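Labels run A, B and C following the written order; every chain starts at residue 1.
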Amino acid sequence: MTEFAQQVVAGLASGSIYATLALAIVIIYRSTGVVNFAQGELATFTTFIAWTLVDHGVGYWGAFALTVLIAFAGGVALERLVVRPVEGGPVLTVVMLTIGLFILLGGLSNWIWKAEVRSFPPNRPFPTSTWDLGGVAISKQDLGILGVTLGLVVLLYLLFQYTKLGLALRAAALNPAASRLVGVRVGWMLALGWGLAAAIGAVAGLFTAAASPPLDPNMMRPILIYAFAAAVLGGLESPIGAIVGGLALGVLLNLVVTYDTHLHLELDRLRLPIAFLVILTVLLVRPAGLLGRAVVRRV
Amino acid sequence: MSRLATVRGVATALALAAGVVAIFLAPRWVSDIKLAQMGVYFIALLGLNIVTGYTGQISLGHSAFMAIGGYTTAILVVDHGVRDLWTIPLAGLVAGVAGFLVGLPALRLSGLYLALATFGLAVAMPDLLRWDKLESVTKGGQAIQLFNSPALTGKGFENVDLLGHSVTFTRAVDYLTWTVALVLLVVAWLLLRGGPGRAFRAVRDSEVAATSSGVNIAAYKTLAFAISAAYAGIAGSLLVIAVAFADPQSFPAKLSLTLLVGVVVAGLGSLWGVLAGAAFIQFLPDVAVHFSKAQGVPDTVYGAALILIVLVLPTGVAGGAHRILMPLTSRLYTRS
Amino acid sequence: MGRSLFLALAAFSALGIPIAFAGSAADPGITPTSIHIGGTTPLTGSAQAFSSVAKGAAAYFKYVNARGGVNKRRIEYEYLDDQYIPSETVRQTRILVQDKNVFAIFNTLGTETNEAIRPYLNEVGVPQLFAASGATSFGRDYRQYPWTIAYQPTYIAEGAMYGNYLRRTMPKAKIAILYQDDSYGNDLIKGLQRGLASKAGNIVSKVGYAATDDSVQSQVARLKSSRASVLMLFSTPKFTIQAYQFVNQLGWKPKIFVNAVSSASNIMVISSSRGQNKRVEGSISIVFLKDPNDPKWNRDPGVLLYRKIMRKYGRGGSIKDVYNLYGMSAAFTFVDALKHAGKSPTRRSVMNAALHLNERNNPFLLPRMSIRTTATERYPIDQARLQRWHNGKWISFGGLLKARS
């Protein structure tokens, strides 16, 4: 029983990271209709920027905040300069562009920061201590990450539902032409979406470096797939869905693998295929995901 | 119109002849091994172009079909002693069936969703190949060595007798790959020039209009998937023959992305651009290394070049060439 | 020009003119003033941290060249990126052998990578020298693969050293193992079982992971539930760092053994979160090279030489990165073999020299260690000492142990 609980706890921990990156993916999709394949690499890149700041003497939390801001600015710049020209064009072109960014950012991270093994942060961001709850160890770091993730989604929910800016963001995504007519600066709304997503992605990257060291240029590659699965599971349009999807996926993967000893299906090697199965099943059976609204396309 | 058709026919025949000559001359300047790999890319790109360029279905999963074809060849050669040449069409067949099976659910997914799902497939495939439960078929995570296998032409290192000439193994592989490539190019060309090609283009341009005109969308979309998967399977098979080696890591997800790069550089819906696309993905990393030997530079140039092409030349090399050549050929367009 | 040489040879063979085998200049890659060797290493990709193995060797060769080379020949060492992917290793190695006509393949990194090229190199008679892998098969299967020799102590031997130690000092302790599910991890387990002998039953839990996984948190949690008091980390650096972190977070306090591949000081420092993670204290590993981060070697001539070479020829590589030192050691041994291969080395004579090493003066290995090989005993480095991590440093204890396979 304790093992079950421990695996659930560990699943929630890894799931929070999937959820955070999934959140970034959802934000961009919701505000621009684009699935950004480069989200993970962007997160890695910004995490390296944070490392550089700390390496030059900035304190961890200062670097954290600064990196989030830099990522935001970077996301806005990316959208305005690189993505804008192809928005509204064929889907394939945009997919190609984000894949180009994926390759480019991966290459840049390797080029600038090279292959050394480094941990980030050098000291733990949250205390390493754990609480023992009936034999189950719950680390403060994991709890902290989960807390921040939930906090982010609450903030975003409030932003989208209760602020004028959020309304403008949603309008620009749903119906750009009509939004322009009522005075929404659609172009800047799209850029804002990218900026927000990049900032959230930076947080995901910083968490990953802390929870699954070391910091290396490839660290977000598998996380990207899990994040896609989480976003699809929860609903590509739903920030809350991203969190639900992420946590559920994290727990599901851990439990399946743990209880495989009874099933003898050797599933412990199949984490990624299981994620793929989740993506495929959801897209076929209920494309809107658990929390998205089903969209009916009339021809 | 008939004058145009004649010119086109002559141009095509000349191009094919030039292609055959090029296959023999190229190894003088470029390594056999790299040429063979470029040929593998070329075939895979032909296939990908059919499904993505012609019917507009984005597939990021073609590395998985290459893996299926490659493993088919490896298993047949090593476990069953089937001559490698005969495994090539078999690999295409198996991969084609897989493509058909993927194409069916793909009917219900569009655009981005299809890209996502096929990307997931590409990422999952290496792990599936490592799965213990499939070990009796795929040997789990272990490599399959075709080297020294009697069923492999030249056993991987010996010289091969080709029409009375003795050529090295790698040279023979190079010739084999490009011969198959040329044949598949002609097949694709015939296919796309005829009924299926028109149906594919109709599906891409407007599914609504196509259905109204009586085109069976589902059939053609799945057909496109199957054919393109078969091409990828043959490419995978040739890859395995070339390195005399197969393992799950030979077909990583990144390969799917690389293929998509090639197809966009080529220009979607164009067969001739595919040659430029294959050359791009094969040789750009080699060129990038001249800028700097530091790690990550090739990828950086690769990604930057891709982004630039997408922004500046969205119709790819073929589109660009078309734009340049059109004024020259406009005189051939008669009004009737 | 290599191509025309090849064509000339082909023409000669066609004419039936016999080409003398030993002692001829017919081997490619060697001229009176240079010898061209090649290898592959993961410059990019998941294992890129190990690329220093090639860079350290390259620096050493530059140093040797600056001193006139070996028998007036400069050593041109070319290493290509194989991204740690075996099929890519095959391709790049064929390019090195067939297009660039290298004399020998040297210092290629990885077990599966080296296994992938082994049949080809042996078939065409190209020496596969000092493969950077601890798989026993490279030393054991010499009848089938006479042109192959590895370098470092084998993983089986390493595991046996741990097993032996446990059998003698902790015969009742229950053992849990985190391992990478490939031949490297499995060899370490085999060795451990061998060393434990009658006590092999003490292993109560083995949990594996794939090199492509992102986190081993779940695996470590499972291992903890076995209530073992000893934990073997048969994992690569990334997962070793994670394992230490998760062991700490789970509140588990086993005695930890960490395998040599992941025992580099900089990795241990990262694992200990600069001292905050106390689980790292007391960890045990083996060592066969001098650690450039250990102040006890600060005045050692070998380490001073290492530092000098890195500064002058290391092209910005980190002196703290012990894989550079490994590479230098392998390069030193190569130069040793080359010196004993005669004034006009051939592939056969260099291979022969590599199989008859009697090297006592390698400045980078631990004191009193020697490298000895014969045609049937192909384990250049087969000695090591145990070491314990204490207060941020490795401290060796016990004597020089034979790391027998």
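Things worth noting here:
The rule we apply is simple: a contact is a pair of C-beta atoms (placed from the backbone, for glycine too) under 8 Å apart; a residue touches a chain by one contact, two chains touch by 3 or more.
These numbers come from a predicted model, not from an experiment.
With chains reduced to the mean position of their C-alpha atoms, the one farthest from chain B is C. The pair of chains sharing the greatest count of C-beta contacts is A-B. Inter-chain spacing, taken between the CA centroids of chain B and chain C, is 38 Å.
Taking the mean of the C-alpha atoms as each chain's centre, chain A and chain B sit 33 Å apart.
Among the residues of chain A, those in touch with two or more other chains are 110, 115, 269, 271-272.
Shared interface positions of chain B, i.e. residues touching 2 or more other chains, are given as 127, 130, 295-296, 299. Chain contacts: chain C has residues 44, 48, 51, 181, 210, 212 touching two or more partner chains.
Residues 44-46, 48-49, 51, 181, 208-210, 212-215, 217-218, 221-222, 224-225, 237-238, 241-242, 245, 248-252, 266-267, 270, 273-274, 276-277, 318, 321 of chain C touch chain A in their complex.
Residues 31-34, 37, 126-127, 130, 141, 143, 145, 147-148, 156-157, 168, 170, 239, 242-247, 249-250, 252, 295-296, 299 of chain B are the ones that touch chain C when the two sit in their complex. Of all residues in chain A, only 2-3, 6-7, 10-11, 13-14, 110, 115-119, 122-124, 128, 130, 132, 137, 139, 141-142, 211-214, 216, 218-219, 222-223, 226, 253-254, 257-258, 268-269, 271-272 touch chain C in the complex they form.
Contact residues on chain C toward chain B in their complex (touch as defined above): 43-44, 48, 51, 81, 85-87, 90-91, 94-95, 98-99, 112, 115-116, 119-120, 123-124, 181-182, 210, 212. On chain A, the positions that touch chain B within their shared complex are 34-35, 37, 82, 85-86, 89, 91-93, 95-97, 99-112, 114-115, 217, 225, 228-229, 232, 265-266, 269-273, 275-277, 279-280, 283-284, 287, 299.
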